[in-house]
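Each structure below is given as structure tokens.
Both of the next two complexes hold chain A, though its partner changes from chain B to chain C.
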Partner chain A sequence: MSESREHKTILQLEQVSRFYRTRGNVFRGGGRLVVALNKINLSLRQGEIFGLVGESGSGKTTCGRLIVRLEEPDEGRITLGGEDITHLKGKKLKDYRRQVQMVFQDPYQSLNPQVTIADSVAEPLITNKLGDPLDHLERVLKVLDTAGLSPSEDYVYRFPHQLSGGQRQRVAIARAIVLEPSLLVADEPTSMLDASYSAQIFEILQGVRDNMGATIMFITHSMASARYLCDRIGVIYRGHLVEQGPAEQVINAPQHPYTKALIDATPKFGRSSEVPTYGTLLAAERPATSSAGCPFFRRCALAERLLCAGTYPPWHDVAPEQVALCHLLQDAAPAASSG
Partner chain B sequence: MALLTVENLGIGYQTAKGLLKAVDGVNFSLEPGRSLGLVGESGCGKTTIGMALMGLLPPNGRITEGRIVLDGVEISTLPEDELRKVRWNEVAMIFQAAMNALNPVKRISAQIMEAIQTHRPDMDDDAALLRVEGLFNLVGLPLERLHDFPHQYSGGMKQRAIIAMALALNPKLVIADEPTTALDVIVQDQILKETKQLQSQFNIGIIFISHDISIVADVCHDIGVMYAGQLVESGPAEEVFFNSQHPYTQALVSSFPTLAGPKTKLAPIPGEPPNLTGTIPGCRFCDRCPKDTASCKLDHPKWQQVGPGHHVLCDHC
Partner chain C sequence: MENKTVQILKAKRRALWRQRFMENWRVFMRNPLGRIGMSLLVMFGLMAVCSYIPPMIDPMYHPMTGVDPKVVSSVGPSWQHWLGTDFMGRDIFSQLLAGARVAFLVGVSAAFMSVVLGTAVGMTAGYMGRFTDTALMRLADMIMVLPTLLVVLMLAALFGQLSIWMIVLMIALFRWPGVSRIIRAQTLSLKQRPFIDAARVSGASHLRIIFRHIMPNVLPLAFLYMTFRVTSAIVIEAGLAFLGFGDPGTVSWGMMLQWVWKTGYMFQAPYWLLPPGICISLITLSFYMLGRAMDEVLDPRLRDETQAG
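Moving on to the complex of A and B:
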């Protein structure tokens, strides 16, 4: 798939930043500024599954929330199919959200416990005034089938508490795809579920992409799941995107020290002989002298004090389509075009 | 002599719909200094076993059959005040969700001191504090954070504090119930390495409960795979995961994404586990099993030995 040169960009984030201000108190006055996302550039290609990988607090959920416009960026621009959606309001925002849907992390909290599955899944149709009630039921049944809840007749009149975690998450996916969105943001859809359910969720997401042509942004902390599901991945660290490239390539030949640290920390499950150990993570954080330097400086075992602490690292084209944000890397010989 | 022996353990919860048999006919034993991983989906009874080992079953739960013998003492029949002497002295637990296992309005030092002094009433404050400092060094927490409140700690630090508390009285057995589920991969990796190191240093027996097979494969010597309240496969970790015999274990392994190796299609396990109220005549995995036959539904499967120390509860292995 990545062979074809026809990459139609569907969603683009340009220099997007998002800040939060911590609540101050009576004695200290105003709060501290926390940078959740720092000048992120990202583009999603039509029909791909893009994995955004990082620890908690790295800003990956914030990124997802900006894309579905649950929040507005403080700086930068987001475009969908060429149209600027950064500060949409009112009816235009509602129209936008018909095309862009989200699956949340915790299916125990994202479904209304007092509403049947049928009503939960039909709600987006009612809000957007699409079709009549009979039509709704038909679409709900169809979409539940797509989300792997079959026979769907058995599920429509149940309540969330009658379903297992895996089934609830499938309901959440059904509700997100009932409007046939062109972009789906899935925020750690399997982190609250048993391992045995994750494979089902992956299969459904793949089906949504293959059969409905939707583009998916898959937010995860697991490199192994990203390897299975994603075409390309981006690695995010404390609000900074640090590496991006084809999934297989980033996992087999990671370039950024943080990506390497993530691979090191992932349990290998009997395959430790096939995965090299990189040892790029510092055991104890080192103090940073300035905030202008590399975001990973404090924990990077390879960092050079003068270079890495003082200046923000540049992007390097480390391999075809693979880019990394690090002083210590060099561009690969044939200059490849970055995305 | 084995540190812990569990014989034919059955645990039931009294519910509005009748007795729910959360654990049924479970046998295993643990030698001192070894670790046993209990893996399975949520609702398979692994946490219930952990709670029973601590004598902390909820009011509607009780041991319906079998016995638990810890160091020669049958703890499943001990009265509560006798049990209290065993708990934390001999068996300690690292609870799931470290975030919620600490008291938010008490300083960490005071919480661990309380755990120590409850069981060692003759120990004065200075001695207890000294012990807490020793524990902080042991689990790699900085001493200047001793008197912090839980909210000032990160997730990984809270988990370390919980581990320190579990080790406070030098228990022989530690039950770790999903100790890293809420943590990031990097922190998880650090905690697991420390757990392994502490275990060999103090020769503690560990029962490690998790749904993540890659973690237990990493940490444990032996594995027990649980399904719907029963142990279905047990043996050395290598054998159980890389020479799996029970269809459920095989399904678990093949539905698990790995970082290397052939990127084969993950095979999800179809269906849901059975309802455990009432009786199930045959094999419990039957409805989801790729090789079920008519006889599976009729009769209880028998344990088969398939290798040294490797046993499977399946008639077709």
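Moving on to the complex of A and C:
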């Protein structure tokens, strides 16, 4: 799908890092730095759906929060359409957020329980002073229809607790797209929902991309939904981006051991054997001798002790547009490793 | 948009708020505490309203200045004076009615002021965090440990007789820390909720987040604490008045108790002693019961428990 569009970069993350300090102070053994994101390089192309896949705690949500600037990166640079937005403040930040919106993971928590649906969805319009209340209402009705809540007249004057989880998530999506943003960050929008709702949410997101031309960053822990929805995928492990490439390619021919482990972990319908396809995940973690080595060393079944434990792996162009961060791919020619 | 759709939507909006109110009202009234508290309160409300009637019938029923010329000392209940008269011939029943008015005035205004102050401080401390939080909460701690009645007594001794509004102000100024602690805790937890992040992404300013997103969520709690504050304000005012530091220009229940005690009728005139005492107990009880029933409206987890028990 991405071939038909020109590869215009809309959002770029350059060497972005984010650290958290553990609670407590020096006397209680706290205050250690925890790396949530380590020197991430990413670029999102205009009009694509980019999937960021990783296990919980891998830093994928942090990455989304950095992009909408709920948090500030400690290092590196984020640019939107060439403009540096890393440390925006005040009015400029507000203007930036007109272009970049977010859908949160938990629809039960992301809507204010004391605010009606109409007011929740109109919030971005009100804060940005776009039109009068009647205009707001009109746009709210339209955008609720777009998000699949129709007839929207029945939903506007309700409180969140009167809606189901799927309906709430549609409201959250409606709120995110009411300003017609150019970039939408969707942080696991379906992880709290039934599978049947998930497919509908995916359709809405696809519709947002196709009809509004928005670029979507889709954060997920599920390879299956990433495959269903995304044009390109980035795999993130403990704050390190380890593989990136077109969705089909990454899933059919994963190169990085962690990506392979993720695909092994995907439940497969109707297959009785428990034998993993790749078997790259170590059952028990092995101790790492130094922190300088490969981030996946402790759990990688293929790792070579000297090489992987000691030095940080380099990026390899393993296939057209597909890159992976691994020592072991060094010798593999791009075509040979697809077996 | 056509006018008709707008009309329909406006009707829906009204219906939503009405439905919400009715739901809460139903839960409230299903609770026996709520029913008793509400009816007691309605009774006291009627008393306060009716306090204007006796002086209109006859000037001798004026609670403060009206004296029955035929009476020289305290007499018991009669047709003329339903609850009897005090030592100089003033009607006790009309004093009791006037006392209800003062109790409401003191209770509600002191509670309102302390809750407004407590909520403002609590939300500021909780939302701003860091230094502001520490400073405000230490201040709250300092005021919280002061025994209100004692401090107000000392101030009254220092400045002579306090007017009723000064007393209200004092109570408000000394009773906000409890409210602010609770509101702060609530604000701290609300601040972490994703809908605040969502509001930030929507472009809401700090002020808008505080007033539009945090305040509606803490207001029910503040309102709940107001009912408990009313109770304590009434008790403090009654205590002050009984000890002789009340506003000499108002007839409050505490004042009536002081008169009984001071004139030595404490054990001779139960018709004079009991009514104000009972009224103070009942009005504090009714506000307390109101608060308990409201607690149930605000916290759905309490509902099943009551139904089972």
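By our rule, the second predicted complex is superposed on the first by the 316 of 339 C-alpha atoms of A that agree within 3 Å, B and C clash if a C-alpha of one lies under 4 Å from a C-alpha of the other, contacts with A are read in each partner's own complex, and residues count from 1 in each chain.
One rule holds in what follows: a residue touches a chain if its C-beta (ideal position, glycine included) is under 8 Å from a C-beta of that chain, and two chains touch if they have at least 3 such contacts.
Keep in mind it's a predicted model, so treat the numbers as computed, not measured.
Q: Sharing chain A, do chain B and chain C clash or fit in the superposition?
A: Here the two partners, once superposed via chain A, fit next to each other without clashing.
Q: What is the C-alpha-centre angle with chain A at the apex and chain B, chain C at the ends, nearest 10 degrees?
A: Superposed on A, the angle at chain A reads 70 degrees.
Q: Just to be sure I read the superposition right, which of the two partners does A:262 touch: chain B = first, chain C = second, or both, or neither?
A: In the superposition, A:262 touches chain B alone.
Q: Touch check for A:52: first (chain B), second (chain C), both, or neither?
A: A:52 sits against neither chain B nor chain C.
Q: Is A:109 touching anything from chain B or chain C once the two structures are fitted on A? First, second, both or neither.
A: second
Q: When the two structures are overlaid on chain A, which partner does A:242 contact: first (chain B), second (chain C), both, or neither?
A: In the superposition, A:242 contacts neither chain B nor chain C.
Q: Quick check on the superposed pair: does A:172 touch chain B, chain C, both, or neither? Answer first, second, both or neither.
A: second
Q: One more residue to check, A:159. First (chain B), second (chain C), both or neither?
A: A:159 sits against chain C, while chain B stays out of touch.
Q: How far apart, in whole Å, are the nearest Cα atoms of chain B and chain C in the superposition?
A: 8
Q: Between chain B and chain C, which residues of chain A are contacted by each of them?
A: On chain A, no residue contacts both chain B in one structure and chain C in the other.
Q: Give the list of chain A residues in touch with chain C in this complex.
A: 65, 68, 70, 94, 97-98, 101-102, 104-106, 109-116, 118, 123-124, 127-128, 134, 137-138, 153, 156-159, 172, 175-176
Q: Which part of chain B faces chain A closely enough to touch in the complex?
A: The touching residues are 41-43, 155, 184-186, 188-189, 192, 211-215, 217-218, 238, 241-242, 251-252, 255-261, 263, 266-269, 272.
Q: In their shared complex, at which residues does chain A touch chain B?
A: Of all residues in chain A, those touching chain B are 55-56, 164-167, 194-200, 202-203, 221-225, 227-228, 248, 251, 261-271, 274-275, 281.
Q: Spell out the part of chain C that touches chain A in their complex, as residue ranges.
A: 1, 5-6, 8-9, 12-13, 15-16, 20, 193-195, 197-205, 208, 212-213, 216-217
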